Amino acid sequence: MPELTSFGESLLRLATPPETPLETTDTLDVHVGGAEGNVAVAAQRLGIETTWVSKLPSTPLGKRVTSTYRSHGVSTAVQWDEGGRLGTYYLEPGSEPRGSNVVYDRGGASIRTATPDELPIDPIVNADALHVTGITPALSDTLASTTERLLSYARDNGTTTVFDVNYRSNLWDTKTAAETLGGLLPQVDVLFVALRDARQVLGYDQGPEAVARRVTDEYDLELAVVTQGEAGALAYDGEAVVEQSTIPTETVDAIGTGDAFVGGFLAAWLTNGTLETSLKWGVATAALKRTITGDLALVRPSQVERVLAEDPPKIDR
Amino acid sequence: MPELTSFGESLLRLATPPETPLETTDTLDVHVGGAEGNVAVAAQRLGIETTWVSKLPSTPLGKRVTSTYRSHGVSTAVQWDEGGRLGTYYLEPGSEPRGSNVVYDRGGASIRTATPDELPIDPIVNADALHVTGITPALSDTLASTTERLLSYARDNGTTTVFDVNYRSNLWDTKTAAETLGGLLPQVDVLFVALRDARQVLGYDQGPEAVARRVTDEYDLELAVVTQGEAGALAYDGEAVVEQSTIPTETVDAIGTGDAFVGGFLAAWLTNGTLETSLKWGVATAALKRTITGDLALVRPSQVERVLAEDPPKIDR
Amino acid sequence: MPELTSFGESLLRLATPPETPLETTDTLDVHVGGAEGNVAVAAQRLGIETTWVSKLPSTPLGKRVTSTYRSHGVSTAVQWDEGGRLGTYYLEPGSEPRGSNVVYDRGGASIRTATPDELPIDPIVNADALHVTGITPALSDTLASTTERLLSYARDNGTTTVFDVNYRSNLWDTKTAAETLGGLLPQVDVLFVALRDARQVLGYDQGPEAVARRVTDEYDLELAVVTQGEAGALAYDGEAVVEQSTIPTETVDAIGTGDAFVGGFLAAWLTNGTLETSLKWGVATAALKRTITGDLALVRPSQVERVLAEDPPKIDR
Amino acid sequence: MPELTSFGESLLRLATPPETPLETTDTLDVHVGGAEGNVAVAAQRLGIETTWVSKLPSTPLGKRVTSTYRSHGVSTAVQWDEGGRLGTYYLEPGSEPRGSNVVYDRGGASIRTATPDELPIDPIVNADALHVTGITPALSDTLASTTERLLSYARDNGTTTVFDVNYRSNLWDTKTAAETLGGLLPQVDVLFVALRDARQVLGYDQGPEAVARRVTDEYDLELAVVTQGEAGALAYDGEAVVEQSTIPTETVDAIGTGDAFVGGFLAAWLTNGTLETSLKWGVATAALKRTITGDLALVRPSQVERVLAEDPPKIDR
Amino acid sequence: MPELTSFGESLLRLATPPETPLETTDTLDVHVGGAEGNVAVAAQRLGIETTWVSKLPSTPLGKRVTSTYRSHGVSTAVQWDEGGRLGTYYLEPGSEPRGSNVVYDRGGASIRTATPDELPIDPIVNADALHVTGITPALSDTLASTTERLLSYARDNGTTTVFDVNYRSNLWDTKTAAETLGGLLPQVDVLFVALRDARQVLGYDQGPEAVARRVTDEYDLELAVVTQGEAGALAYDGEAVVEQSTIPTETVDAIGTGDAFVGGFLAAWLTNGTLETSLKWGVATAALKRTITGDLALVRPSQVERVLAEDPPKIDR
Amino acid sequence: MPELTSFGESLLRLATPPETPLETTDTLDVHVGGAEGNVAVAAQRLGIETTWVSKLPSTPLGKRVTSTYRSHGVSTAVQWDEGGRLGTYYLEPGSEPRGSNVVYDRGGASIRTATPDELPIDPIVNADALHVTGITPALSDTLASTTERLLSYARDNGTTTVFDVNYRSNLWDTKTAAETLGGLLPQVDVLFVALRDARQVLGYDQGPEAVARRVTDEYDLELAVVTQGEAGALAYDGEAVVEQSTIPTETVDAIGTGDAFVGGFLAAWLTNGTLETSLKWGVATAALKRTITGDLALVRPSQVERVLAEDPPKIDR
């Protein structure tokens, strides 16, 4: 079975019921979020052996994170920290036109001090692929340096490096992001990038296909996947360009959609799926994610297959 | 007041919250389901005196079933079983494209051993109408035989027999179903059948009106009602053919829609409603059911009337 | 900061979960409702200093009302009553075609005996504006008289009087309402009236603009705002007529929409907003209200601004 | 099977979670309470055919009451009222030293206008026993008169009359109560009275046994049961005096304990149980009630038997 | 009405259900805690006009704090901070021998940078009394200095200064605490100190009465109150020594007991209650607090009076 | 790190809220139970690497079981079954004298057909210890035979065999149990037996110490632990006899206490703890379990240490 390792920050997600503001809610629903863990869970549930690497505070909140991932089959390799805290985000989900509102409280997280020396390296150098995102280098200078080193270790050991740009304007500005990413992308084999990020951060002002071709050339990528939100996604592997539209959903919770896409894509691609199949698994997993509360794509392979079937049956009875 | 008796299996329905899979849910919502009980509750609430006949395990779970039906006014006539169990089904409701998922756990249910001798017969032979469905004979050979005997008793005593085909591919194949139903239909006065079942099980490949006419001729029916899901329903009483489209709904829970239709239809028809009125009450009850969680159509006559009114008012204040 | 005082009845709102009828629900969600308090909370949260004046039973339920309003920043000036009760309404929210159902239980409420002598007058005569609705004079003869006296006190002290017709057919018939309102309107400076009420109660059968002009002339108003539900609203200040359409919403709870509109409108208008801005704030607050459970518009100014922005961002991260 | 009919008021009980005051609770738990209905449910569940007679508002809240009783097997015979309301009480359960707090809101209830002519009389004159309490005549002059007439009807038709004094200082003073009860007790066969009420209302200042003997003599009773709260109960049937101590409990909800005692006692006594057995069933049912939230004694005969067993087993597995 | 102002940190309290660890809980209950706010709420509800002064992040979480206090009648005077965060603590309540477990996450809180210049001073210099605790100077050097300045301002303006030692070993060691408190106590008029803190921090090794006398002499106090947990409390005003034992409780939530004691004591003492009365109100409020979930003493004066009554009645009905 | 493997049945546990009977509950709380899984989770959380071996239906309910165990760090080695079902038990927790009531629904479970050939053997033959209980051979003849074979495999490969008698009268009678256990015990190294089971099943009528000595001699045990419920436990290793009393608890949920004892004992004993230490860890883990809802002992080593400390601190702050 192919193996995938991801490295990054996870946060406690504390959400109000959909119709209730933070000022008046009596309860908060507890979930665990974080792009890399989201990808790991989606991929594991869809058939890839995954390991999540990180640094966490040695508190019941930190254990909550590993407990959650383990319950979905993901292995965890964690450097436990006596001092730091677990990043948190508060979510007020809301229907339109109120929309969802997020209050971040992620300063001082343990992972911000993670160095390559203290992190478990085995799951990275032994995996078939390593997944990191642009969120991690944005969190601290230490993490920017650590991210570069881990990508480098992976490459040196034959592990395919997968990078999702995932620009976050709350964490850094486009100029700093561009500089840092410029240093990381030469270590990358497979790139996921939103068309919007390609424009704002990488400075590409073309259409999606041209962006995919250009970034592949510029960084000598094995594969580039350009996503456009509801307009679908496009993959280019140096030869073919394949496009895939999204699947209509009754959305319950949109957070984690992009990560579900990556997890579904990789689950197919790492088992030698074609670009077509991988894109389909990506959009199907993303669509299923949107029907589930929480950041995690708690889907089963049979559900992906049902979504992609020509004529999905109603309730089976 | 006209009287209706139904006979069949009820199950405990254990449902996750809509956004949560069975693997992670902390709670299950408890309801009682089962086609014949669903029909009984709908009809009773809409003005018919109904009795539900069955065999149940003599446990708090079995009592739960009668307690639920009684709370809605239905009388219960039950053979209590010391040994068997209560069939159960687990429901994961989900929005599209995930859809709802059902895990059946109905093996070994007490009713599967029910014989005509042990069941209370009075409520059947004294009623104006007896309602059974094709689910019951599918559950065991004993029940196939019992169903036939009860239909026969009813007929012999002047009770109108109502049969809803309700084919369930989880319980038997179309061939076995066709054979068994072939033996039962000659005892039937009023038939409800989905167009899909008419095709798959009865082997009729015509349109709905032709199906209604043909089945009426073939089995000398008093009335045939052919349903087509969202495409509405059609009734034929040997003279007139009446069609009725469905009513648009914001669906909360689709399970039990068909039974609500039958219950609403019978509530009107058994009080000498016309075919037009009966179909309207059927589709209105079905539409209302879809706005309520659980298998039961917890509707009031005033709500049916409001739905069927030309210009329903907003909140009355 | 401008000051607004409102006077009227508040009720305990006890609501079932959306999919559950009153006959079977195990829990009721507790909220506080009442048109004038709804307006006060919306205006206070959007930047106006507001005070709510009323008479309440001296019980934990009565204190619940002031506690709720105070938590949103509203000051409360209450005559405590040893004997009466708190009006209550039971709500069964439902999706279509079931719709929401309200069971009123508001007889014998303490406020029905409120006289001008016992009520706190300072917050009325010192405010910039006094808000009352047509619900209050409908509740009792005493209150009809009290309402007239309070409007008169306000006017005599330079407080702008704001009146929302809010006809309730459950409380009185159109003839009685027309007579009573005919006595009150000469004391009114700013009138809010639904087009439907203008027709049924005031007997105007023109279009909205003509109604606004006619009622302004007839009662020498400073400002008339005519609302038309989903068709938007229109304001006329003796010079200009300004129209505003509503904002599409995914509605969670429609109760209180009209009050949110008034609260949002007044928040802008009392801070010297133009008619255009005031109408925009009205419809934006109303739209936001519909995404929140409960009668109260628990919105923040930043949310109103987001709704009115040309290109509102997605989740900010 | 012996038959018992009870007549009286039922109320909606709306309770906060145990640790939360009414001013801040977000939810209320819904139950149905009322002494006579409590007795009916306890007796029915323990094997007596019972009917509850009353007058209720024709609203979903009124239906809630009959739905609840019917779910426990009790038959209901109700005069539906278009105009009145359902009495309500709010409960703040609390541990010591806070204690539980009740806010009554029972004015204007439909039953207060119930006359003998409009009530269903069959279930009263045909029963083996009729149960009423001193709460009912306290609610209105009409009900005082109605209670007397119903007791008289019962007696005239050979139905044993059972009366529980149940003095409520919130409803009337001891002097009025004494006068009214003085008129009713001559119609009574079986009397339940708390020692405290015997002292405060009936003016007996002796010990429990003397009270039982004196009241039996004075009103020519068939049976007198004197209860003393945690000190147990005592029965006198003109011959023997039998005493019974209470059973220790971990109390979850004390409301309804006395009614559970009466229901358990009558369940045994009406099936020809001895005084000893009847008292034991009374105290066991009362003890079990205290472990269940809500006014109703949702117990099973097997649980009563387990409580009264010499050496009750632990969990049976 | 006497006025009390308190100054200090408030935290978001996120608690699991009592039987569930943080690693597995699906929900957290939201409350607001913090010693000085707890005292303010208790005193306000018991009849003192109180104001709470602090610095909070300008987020919905910060607004939650003022919303909570305002709902209980407390005025809030807050410096809003654009940058910091709200301190949080996670609570796992547990019965014995597991006990309750707290995970603090209070680093980086906005209040840690609060200077006298930016805080609202009016509510401090105009109050009858100012309440601060030893937690505040422990949070940062800035706050140690600010605390001293506020005590000094208060004294200079005739406001009685009330100080509760409240030593927290998580925040500082006893040596640092002793030094800092040594600088603050000369500004204090009324001192609350746990006997344990008097020993560990102040270095007094006598019994409670001797401690009260010695600390009064040493710092020229107007009043010293020494608390001993379940062993009760003792007050010394330079003349009399009064002792008071605690009141037995069925404890639901012990957090905030000490603050409830101070709030109840001050509510009596600031209205010229005797030492005896003030101590009684302190222990009664503390006992009532323990029956309520959350840090706040949501009690009513009538409940304090009931607890202190000779023969408290059962449920009043 | 020492390794422990357990083999046995797990069940879905569906529990009502403590105060609500199965007939009326609206929700059920979902947990996973089963003696061997309970032991595995306790031991894993306290520091032993554990693996749970079983056969489960290939449904979301079956996955729920592995997901739960994995979330607590336990590895799972499962034979997935396409056909069977997951055993279930319904729990009505109740305080005294009602007590808790269990309704078993465990017939037809997948594990009942588990043969040695289809089960994963590696985790058994490679572990330091194998844990099985007397429940497993009671479930079916196949399992009795499988249990014997697995014990034999373990012994042959140097794995210490641990057996907990755990007699269940619902599953078999004492005579059959005695015969079957007589065939298994010669394969056992470490025996846990309740004194009551030693008497009823093994026929030993001595005191606990004599039982421990006799059973050790008779079956050539390495270690015998005799438990006596609240009276504590006793261990005999062929040399010393050590006794340990239980720790007082405020019990929330007693189910799983015995398994927590075994898990805690083994966690210490397998890391070379003395008999004294192992018994202490057993009783401490058992006491902590009783404060947590669910069958699992969700404890942390620090909590065990706190319980065993001389002077456990209050909340650490």
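A, B, C, D, E and F are the chain letters, set down in written order, and residue numbers restart from 1 in every chain.
Going forward, a contact is a pair of C-beta atoms (placed from the backbone, for glycine too) under 8 Å apart; a residue touches a chain by one contact, two chains touch by 3 or more.
Everything numeric in this text was worked out from a predicted model, so none of it was measured.
Q: Applying the touch definition from the top, give me the chains sitting in contact with each of chain A and chain D.
A: The shared contacts of chain A and chain D, listed by label, come to B, C, E, F.
Q: Quick one: which chain's Cα centre is the longest way from chain D's?
A: So the farthest one, by centre of C-alpha atoms, is A.
Q: If you tally contacting C-beta pairs, which pair wins, A-C or A-F?
A: A-C
Q: Over half of the interface residue numbers used by both chain D and chain E, so same, or under half, so different?
A: Copies use mostly different positions to touch.
Q: Farthest from chain E in C-alpha centre terms, which chain would that be?
A: B
Q: Taking each chain's centre as the mean position of its Cα atoms, how many Å separate chain E from chain F?
A: 46
Q: Please report how many Å separate the Cα centroid of chain A from that of chain E, as a whole number.
A: Here chain A and chain E have centroids separated by 45 Å.
Q: State, to the nearest whole Å, the distance from the C-alpha centre of chain C to the C-alpha centre of chain F.
A: Between these chains, centre-to-centre, one finds 62 Å.
Q: Which integer distance in Å separates the CA centroid of chain C from that of chain E?
A: 40
Q: Which chain A residues reach two or more other chains?
A: 21, 23-24, 26, 60, 67, 71, 101
Q: Connecting every touching chain pair, does the picture come out as line, ring, star, complete or other?
A: other
Q: Going by the touch rule stated at the top, which chains touch which?
A: So, checking each combination of chains, I get A-B, A-C, A-E, A-F, B-C, B-D, B-F, C-D, C-E, D-E, D-F, E-F as the touching pairs.
Q: Give the list of chain A residues in touch with chain F in this complex.
A: 60, 67-68, 70-73, 300
Q: Along chain F, where are the residues that touch chain D in the complex?
A: Listed in rising order, the residues are 18-21, 23-24, 94-102, 104, 168-170, 254-255.
Q: Could you please specify the touching residues of chain E with respect to chain D in the complex?
A: Those residues of chain E that touch chain D are 71, 247-253, 284, 287-288, 291-294, 298-299, 303, 306-307, 312, 314-317.
Q: Where on chain B is chain F touching in the complex?
A: 14, 21-30, 59-61, 63-64, 67, 85-86, 88, 90, 92, 101, 103, 105, 107-108
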